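I have a structure I would like to understand better, so I am pasting it below and will then ask my questions one at a time.
Naming follows writing order (A, B, C and D), and every chain is counted from residue 1.
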Amino acid sequence: MSPTQPNEWLLLERTVRFGEIDAAGVLHFHHLLRWCHEAWEESLERYGINAVDIFPSKLDVTDSLRVALPIIHCEADFRLPIKCGDHLLIRLEPQRIDVGSFQVRTKFQRDGQEVAIGLVRHLAIDSTTRERCDLPQDIDLWLEASSLNLGLRPV
Amino acid sequence: MSPTQPNEWLLLERTVRFGEIDAAGVLHFHHLLRWCHEAWEESLERYGINAVDIFPSKLDVTDSLRVALPIIHCEADFRLPIKCGDHLLIRLEPQRIDVGSFQVRTKFQRDGQEVAIGLVRHLAIDSTTRERCDLPQDIDLWLEASSLNLGLRPV
Amino acid sequence: MSPTQPNEWLLLERTVRFGEIDAAGVLHFHHLLRWCHEAWEESLERYGINAVDIFPSKLDVTDSLRVALPIIHCEADFRLPIKCGDHLLIRLEPQRIDVGSFQVRTKFQRDGQEVAIGLVRHLAIDSTTRERCDLPQDIDLWLEASSLNLGLRPV
Amino acid sequence: MSPTQPNEWLLLERTVRFGEIDAAGVLHFHHLLRWCHEAWEESLERYGINAVDIFPSKLDVTDSLRVALPIIHCEADFRLPIKCGDHLLIRLEPQRIDVGSFQVRTKFQRDGQEVAIGLVRHLAIDSTTRERCDLPQDIDLWLEASSLNLGLRPV
């Protein structure tokens, strides 16, 4: 049931909103990292993975998730000013690092020019013991499908 | 060039993201008011109004906007828990209050049930003198077109 | 061990930061409601109530909270422009509504002038059954001590 | 009139608030970068620099700033879970990179343990031409005073 064309889950769009712009008239920087996380969530959803199977929800206490995916590192580079109303193309480049961690590089383009790039790195841990463990199978499948399309590359 | 069916600019969608959910497992309340503003921006954009014609941008100092639309009041009511991954239908009900102010009531539904409702009220002021003035013509047209579709109603 | 002077837990301060200001040069509205919640948290803390006894924490699954305090309503009025670097005085006016709900009115002043006012209303629910219940005792004590100082007043 | 002890402007504190915690019960990552920026602002303020002399403000159009300080890079590493109510000690390590750029490394500690570290890099540009220029004198003085106290070190 998953899409077969990577563009369906690795190529997204976003319009920059007024509240994300500061008094210098450009994107206030940290929103970009929020966008990276939201793009990742949208990518998983488009690929066919349900939010409740990946993201913890206090309300589902009877059936909580075995694996948590905390972020251990993030970074961003800003190349060109991003302004209110800009239509951005978002390209995700997910990459498995090892059996228990992965990262997503997220490139933001406007009119064919790269305006910013973000990177978020996740570690899989057992949500009870807090020890490192393998990635959930759903994430593995999404990484595999994404890698095939992007070509494998070294970290 | 504006759309002629109100659903094209008054009926939007949004998926709830992980970073908007707090440790109680539900939407952290103030994000709803951010959603209201972003829905308003998306509505204007779909109707055919450019962000740069309404929202100030420090970078355009040579051609700054004559009218600002500060928010003087906002409120929200929360009816049902909103959770991560929820697909929400967003219905905007814009309403002119007088020649120099308007408000937008924004209703959030999930599976046909209203989960929350927000309201944001704007005042038009001259951006130089800070005195009250008439609404910009673009906003007036958007309000007019929206009212026709919704039917006129008292504040 | 609680403080005995209300000013110690009902009168706070905050400096407006750059990322809270939009391209119109003033506070982007929804941050005010975030400030209201954070002021409430700081007030409880100063009164002597620990965050872990009121706010749910997924990590403490073995000892989760019996009562949740979801927000059912919030509102804000904006009187004067709030700018970057402004030093604001924050005055909380908590008020019990009935045995199972309360609200906090939060007034923001700059140089003796009221610039904005927010209101957040909470309902107590049993975190398992999601049914209405009585307020937690800690909140009751904080409301009682606060009311004595402010004088009782009608909703 | 500036403080003479670096701890007065390079050593700050912050309490983690409920809205910054996600449904996994820990800090939602991107808030840390917001904290870095806010800590930088507080550091400048404590050192004796006014926000209006560094941060643009649309309202002051007649007297706008000659130099803007856009962020070109940021990153963060997360070492230990950060939870609601945590009291964090924040240590800033500012560093001049060259005459037109600087960065601030910001270390977050809880009970003597480092829980996270952030880094934000700024470039000075002429706000009219958008060309690179020298850092504003105020920032230079703050960097100089901070370096003396921290000891000079290579990038």
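Please note the rule applied: contacts are C-beta pairs under 8 Å (C-beta built on N, C-alpha and C of every residue); 3 or more make two chains touch, one makes a residue touch a chain.
Please read these numbers as outputs of a predicted model, since none were measured by experiment.
Remark: among chain pairs B-D and A-B, A-B carries the greater number of C-beta contacts.
Rounded to whole angstrom, the centroid-to-centroid distance between chain A and chain B, based on C-alpha atoms, equals 27 Å. Centre-to-centre separation between chain B and chain C, using Cα means, comes to 26 Å.
Computed from the mean C-alpha positions, the centre of chain B lies at a distance of 33 Å from the centre of chain D. Within chain D, the positions touching two or more other chains are listed as 18-19, 21, 23-26, 30, 34, 37, 55-58, 81, 84. If the chains shown are joined wherever they touch, the resulting network links each chain directly to all the rest. By the touch rule above, chain A contacts chain B in their complex via residues 15, 17-19, 21, 23-26, 34, 37-38, 41-42, 45, 50-52, 55, 57-60, 81, 83-85.
Residues of chain C that touch chain A in their complex: 18-19, 21-23, 25, 28, 30, 56, 58, 61, 64, 84. Chain A meets chain D in the complex at residues 23-26, 29-31, 33-34, 37, 55-58, 68, 70-78, 81, 120.
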